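So that you can tell them apart, the chains are marked A, B, C, D and E in the order they are listed, and the count of residues begins at 1 in each.
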C-alpha cells in the first residue's frame, strides 16, 4: 500500500469513527442530547483524533526513522573494497538507492520478480537495463552494490508493509478504544479542547524555536569570526572597508548608523502617509472608496523590491540630486540616504495603512459617539480618542514597517549606494547592515575569511539591536495603552 | 421642588428647538414618523414611551448624532433657535457643542477619569490653565454626584468604574462643556435612589440656564423633574404638553393607558 | 537526484548556463541546475562534503585558496579537479554620447586613488576633473563606478590597474619608504595595501550590485565611467563607449593575445568523488571544455568569454580526470 | 458661548477648528493620493517596460528536413538520430530561411549567410530537434515551422533596437534589420502573443527571446502553497494562544518581544537558518520548493502573528464576556466570536505577509533556489522536492543579465508576479470586506 | 403577586450558592469585603445598595466572570451546591452553563437577533433540530417580552436594537440556556414599566424552577419580585434577610437610612 493510500484509509477510518462516535453518543442518551456532557460532535472529534493522530504519528515517525535503519543494515553488505578511492560510503549508498529505484522501474516495465532475484551484476548489463527505463547510473555496477540494492529494495518493501500494518492496527485500536469510552458524562469537549490547546501551544513554540534556530545558526560562525577578528574593532571602529586579500577594517558603527538613518527616513515617510491614509479610509472614506483604495495601496507591498530599487536609482535619485541636494549644496550624489529612505517609505506604506486601518476600525463606535457628542470634530475624536485606543495595533504596524525597512537590501543598494559612512547629511550615500550581510555572504571572497564571516556577526548584532528597540516599543505601548471595554 | 417648577414656568416660553414633520428611517425601517414638537428654552422636557418607540432616535436627531449611523436618514425640519440644523451650512461640531448629549449606554473613554471630564473643556478651549481645568473637573464631578467616590482615583481609567459610576461620569463629561441644550438618554437608569435624586437636582439647576431634554422610563421621575412631557409610541409623538396636564389629564387614550399602567 | 548541481561565481554563471542549456538539449541527461551566489559561497558548498545533497561543481572567478582546500579535506572532499575555462576581460566604459577615454593605469590611479604623488610627496587626491589627472583626458568631472569589495572583479581592478598605476606614478616607492613594517615583506604588503586605497570623497563609488546596476547608474549620471565585464559591454555596445587602456581596445582578440592588460582567468572546480555517481557529470565537463563550446568561435566566445589558449591541455586533463595538485 | 450665535455663522474658534478639521482631512486625501500616485507611477513603469514581453517576434516558413544532414545512415535509428546535435538543426533552419529569402528575392544588399542564420534563435534548433526526435518520420519532408526570431530582431520590432544602435552593436547588423523589414513585408516575420513567456522555462544569457516563466510560475505556486498551508494556521493558532490563553507574565512578554523581533530579522538570515536546518540537518534537497516554502513560512509567521494579535486585542472584551456568560468555553468564545471579528486584521496580515513572501529573493539565495533551472518540477506532492525557480528569482536573475532583452522580460515577469499576487489575495480581500463591521 | 410569593416561600429553604468570607480585590482596591451569604434555591434574591458598592462585582464572582478581568482577585469560598467553584478542578465553562448571567450593560453579539438567542442552546446541544431551536428562540424572546417587536427582523443585527430591546435580548439569550441559577444585573434599568412588569413576571416564573439573583436600584422592584434581599454598602454585605423584613424592619441603621431615603 503506498503512502497516499494509507493516509487516505486512516482518514476514512477516522471520519467513519467521527460519524459512529457521534451516533453512539446520541444513542447512549436515546437521542436526548441534552443529557450529554458535550455536543455530540465533540464525541465524534474524540474518536476522530484517537483514530487518526496516533496512527499518523506512527507513520511520520516510521518514515523519519526507517531510512536510517535500512541504510545501516544495507551498508553492512558493502565491503570497504567496494568503495572506490576518493568516494565515500554515502556516495555508494546513493548509487544503491538509485539502482533500487531503477529496479522498481525495470519491474514495472515487465521484468518478472524471480528473474530479477537471480539477476547478477557481473553477468548482465545492469547499467544498460536501467538506462533503458530512463534511470541513469554514473558508472558500471559492481555485484556487491547490486546485491545491496536488491536487499535495499526488499527491505524498503517489507518495511512499508510493516508500517502499513502497524499504522492500521493502531488506528483501529484507537477507534475501538475511543468508542468504548463514549458515555454521556464523558467530557468530550474538554478533551478536544485540550488537544486543540496543545496544537495552539505547539504553534507558538514554532516561533520560539525559530529564534533559537536563528541565534544558533548565527552564533557558531560569529564566534568563529570573533576568533579571527577583534571584537572591539568590530563594535567600535568607525571604518568599514573590507578588502579582498585580508587586512580589512570591519567596523559596524557606520552600518548601524546607516540602518537607523535609512529606516528613520523611511518611517518618516511611511508613518504619516500610512497613518493618515488609514485614518481617512476608516473614518472619512465611503465604503466603496475604501473597498477599492485599500487593496490598491496594498499592491505597493507586493511590488518586488527590485522595481523600487530601479525607481530609486533612475527616478528619485536624480530628482533629489538635481532639485534638492545640488541647489542646497548638500551633495551631488544620486544615491543618498534620502532617496533610499523615501522609496522604502513608499514601499512600507501599506504596512502602516492597512494594519492600522483594521485596528482603527475595530474601535467601538460608542467611543466615537461619546466624543462627537461632546462637540469634538472628527479629527479631534480620531486623535484623542480613537488613536490612543488603537495604539497597540498601530505600534505593531509601525514596528512591522520598521522591520521591513531594516531588512531591505535591494532598495538600499540601488538607492543609497554601498558606501559605509558616518555622516549626518541625508544627501550622502550610505549603506545598511542588511545590505552588507547579503553582499559579504554572496561575494567572491573566501568563506572562511573574516570578510565573509562578518556577515554572521552583523546578523547577530542586528538581532540584538532590534530586540532592544522592540523592548522599548513594548514598554511604551504598555504605558500608553488605553483598553476599551 | 414642585413649586419651584411652577415658579419658573412663566419665563420659559421661547422655543429652543422645534421639529417640523421630522422623519427618521433606518434603512427601510421608519422609526420616527411626522414628529412636530417645540422644546422650550430653560425648561426640562421629558420623553417617555415604551422601549423601542423611538425616543433615543429622536433625541439623537436633535444634535445630529444620527449622522454616525450609516443606515440612518432624517427628513423634515429641525430648528435650533430658528435655524435648520440639517442645513448644509451647519457645522455639526458647533451644533453638538451647543447641544450636548448623555448616551443611553455609558461610554466613558478609555482614559483616566480626570481626562474623561476634561476632554470637552480642553477641545473647546473653555479654560485658560490647569488650575481652572481642575476646578471645572471637580465641580462637574461634584454636580454629577461622583466626586466623593472618585476623588482619590482621578487618574485611574474611567472604564474601571461600576455601571452607575460610569453613567455619572458621562453626565459629568457632558455638563463640563456647558451646552445650551442637554440631551440626556436615561441618565439615571443605573443609579441608586440617592444618586438619582442628586442628578435630578442637577437637572433642575441646569434648567435655570439651559434647556434639558431627558428620556426616562420612570413616570415619577418625569413628573418630578420636567415641565413638559412628550409621549412617544411606535415612532409617533402621541401627545405633547405640560407635564401636569399629561399626567393628570392625558388627551390621547394611548397616553392614558401607558400612564395608568404605571408600575415604576 | 538526477541533475547536476552547480553553484558559484556570478561571472561564470552566464557561461555555465549557456553550456547547461546546450547540454540539456543535446544529451539525454536533465539540464543541470546552475546557481549564482558568489565564488566564495560556491566553493564553500563544494567543500561541505561528498554525497547527493552537496553540489558537484563550483564556479569560481578566482583561484581556489588553500583554506578552502583545507576545508574540503576536512570534510572528506579529497580530490578536486580544477578546470580553467577561459578569461574574463574587464573594461572601463562610459555613456555612448560622452567623450572618448584613453586611459592608462597611471591615469586610473591618479583619478581614483586615495593618495597620489604630487611634487614628489604623497598628498590626498584632490583631482576633480579627468583633465586634472592627464591633460589629454576630457575635462569632465571624475565619477567612477567600480565593483564593490565583494566582487572578484575588484581584486583584478586593484592589482592590474591601481597597483600598476601606483608603481607607474612612483607612489608605490613612497608608500614603501613610509611603511613602518619590520622587514621587506611587511613593507611590501603595506605599500600594496596603500596602493589599493580608493578615495572616499564620492568620486569613486563602489557598486555592490551587478553590471546592470552600473549601467543604470551611468544612465542616471551621464558623465560617469564604470567598470564592466567584457561580455556585458559587448551586449550593450549601443549604450556604452569603451575606454582604451594603454591604447588597446579591449576585445576577445586583444585579450587572448595578451595585449589588453586587465583580465582574469575563470575556473570551475569539480568534486571528483561525484564523477561516476552523479549521472552526466563527466559528460558535462567534457562538453564544457570541448572546442564546440569553449573554443574560439564557440558560443561562449561569442558571448564574450576569452578562450583559453591552452584549452587542449585542459581538455586532456578533464578527460583523464586529473585532480588538481597543491597550489603553487 | 452666547446664546445668540447663529449656527450658520461660525465663531472664530469653531472656524479655526473647522479649518483644522479640513486640514486633517486634506492630509488624509493627500496621503492617499501620494500612495496611489506612487503606485500609479510604479505600475506604469512596470507595464510600459513589461507588456512587450508578452509579444514575441516569430518567423514562419517552410523548413526542409534534409535526410542527408539529420540521418546519414537512413535507418531512423533513435540512437543515431540523437547523436545529431542542435548545430545541424541550426544549419537546416538557416539554409531553409536563406532559400525562402532567395525565392522571394528580398535579400538586402550585402547580406551574408551569417546574417541569415543569426536571425533565428538558437532555441528554435532545439525545438526542431525534439520535434524530429519525437517523430522521425518527418525527416526528408518539408514542414511549416515557426521559429523564434533572435533577440535583437525582436528588439527591433519592439523599437528597442534601431538602425543607429545596430551600427554600434556587434550582435546585429543594419543589414539584418533591413532583412527583417523585408521578411515582415513578405509575411514571414510577425509579432504574436508570447505563450512561451508563460510556459517555457528559463533560457541562457544568449537567448533572451526564449526565456520564459514556466518553471518559475510552478515553483512560486508550490512555495506559496506550502506557505499558505503552513503559515496561516500556525500563525493564527500561535496568536490565539499568546493573546487569549497564555498567562500574562514575563515569559509571554519575552515571547511577544521575540516575535516582533523575528519580523525585523533580515530575510537572508532566514536563508541561513533554512540552509542549516532544512538542508544540512534534515537533508532536504537543494533548490526545492519545499525548502523555499518552509523558509518563507518561518519568515512570514511573525508577519502574520503580529497583525493577528493586534486584531485579537482590538476585539472589545464585552463580546468575550457575553459569550462566556452564556457558558461558552474560552475556545468556543474565540472561535465563534473573537476570531470572526478579528478576521479583517488577520486577512490583512496574510495579504501583506504573503505579498512579501511571494516577492522575496534573498533567503532563496542560500538554499539554492536562485538558480538556472530548465526542467519542470513534477506534479504534487513529489514536485515539491524537485528543483525549481521562483518568480522573484527569475526577475532578479534577468535584471542581472547582460543582454538588454532581459530587461523587458524582467518587467514582464513582474507583471506576472503582480497578477499572481492579485489572484492570491483576491479571496482574502473579498473575505475581509465581508467580515468588516463596526460594533 | 405578594401572596404568591408568601405561598412559595416554604419550599425554598435549600441553599444553592453560599459565599464564605468572600473577598474581591481589583488590584489594590478591596471591592468586596468578607461577604457571607446563602442564596437559596427556587428563590429570587435581590441585591441592593448604592452605586459602586460592589453588587456587580459580587454577582460576577458567582459564576467566575471575574476571571476575565486581569486585575481582579477573589479570595474566600463560594460554594455552588456545596462545591467550591474556585476549586482548580471546576470547569468554569460548566459552571457558567449552570449559572447564567445578564450583564449590566447590554452586550448583544454583533450577529443576528436569532443567532444571539440561539447561540447558547447551540453550544450546549439543548435542541435536536432546527424546528426545536426555532421554538426555543421564539419562546425565550416571548418571555423576554421582545418577540412582538423583533419577530419580523430576526435576521437583522442585534446591535441595531434600541437600548431597552438590547437589554431584553440579553435576557432572552440568558434564559435560552435554562441555567440553574440566573444572575441578572439591573435587568430592567432600560425598560419601560410595561416591559418591566413582563420581565418581573418572567422572573417570578423562573423562580419555580431556578434560583434567581437580581441587582436592582428600585426598592419597589426588589420588594415586588424578591423573597430575599441583600443590602451592600461600600463592599460590605450589611444586611441579608427576607425581603419583608429588610423593607419593614431593617436591623442595620445603614439599611434603614438607605431604604428610607427611597425616591425611586
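Keep in mind that, in the parts below, contacts are C-beta pairs under 8 Å (C-beta built on N, C-alpha and C of every residue); 3 or more make two chains touch, one makes a residue touch a chain.
Small disclaimer: the values here were computed from a predicted structure and weren't measured.
Which contact partners do chain A and chain B have in common?
Touching chain A and chain B alike, sorted by label: D, E.
A-E versus C-D: which has more C-beta pairs touching?
C-D
Based on mean C-alpha positions, I'd like to know which chain lies farthest from chain B.
C
When you average C-alpha coordinates per chain, which one falls nearest the overall C-alpha average? Tell me, please.
A
Find the geometric centre of each of chain B and chain D from their Cα atoms only, then give the gap between the two centres in Å, rounded to an integer.
The answer is 60 Å.
How big is the gap, in whole Å, between where the Cα atoms of chain A centre and where those of chain D centre?
19
Return the distance between the CA-based centres of chain B and chain C, expressed in whole Å.
So the centroids are 83 Å from each other.
What is the distance in Å between the mean C-alpha positions of chain B and chain E?
Going by mean C-alpha positions, chain B sits 29 Å from chain E.
Return the residues of chain D touching two or more other chains; collapse runs of consecutive numbers into ranges.
Those would be 17-18, 21, 317-318, 329, 341, 365-366, 399, 439.
Counting only residues that touch at least two other chains, what does the list for chain A look like?
189, 310, 364-365, 377, 380, 441-442, 483-485
Would you please write down the residue numbers of chain C that are in contact with two or more other chains?
28, 36-37, 41, 209
If we use the touch criterion from the header, which chain pairs count as touching?
A-B, A-C, A-D, A-E, B-D, B-E, C-D, D-E
Using the touch definition from the top, list the residues of chain D that touch chain C in their complex.
82, 85-87, 122, 126, 129-130, 161, 164-166, 168-171, 203-207, 279-280, 283, 285-287, 365-366, 368, 370-375, 387, 397, 399-404, 407
With touch defined as at the start, can you tell me which chain B residues reach chain D in the complex?
Of all residues in chain B, those touching chain D are 80-81, 83, 85, 87, 89-91, 93-95, 97-98, 123-125, 178, 180.
Which residues of chain C touch chain A in their complex?
The touching residues are 2, 9, 28-29, 36-41, 43-44, 50-52, 60-62, 65, 67-68, 71, 76, 78-79, 148-152, 154-155, 158, 189, 193, 196, 200, 202, 205-209, 213, 216-217, 219-221, 272-282.
Can you list the chain E residues touching chain D in their complex?
63, 65, 68, 70, 92-94, 96-98, 100-103, 105, 107-110, 119-120, 123-124, 159, 170, 173-174, 176-177, 179
Give the list of chain E residues in touch with chain B in this complex.
Spelled out, the residues of chain E in touch with chain B are 26, 48-52, 54, 56-57, 104-106, 149, 153, 160-165, 168, 185-186, 189-197, 217-220, 258, 261-264.
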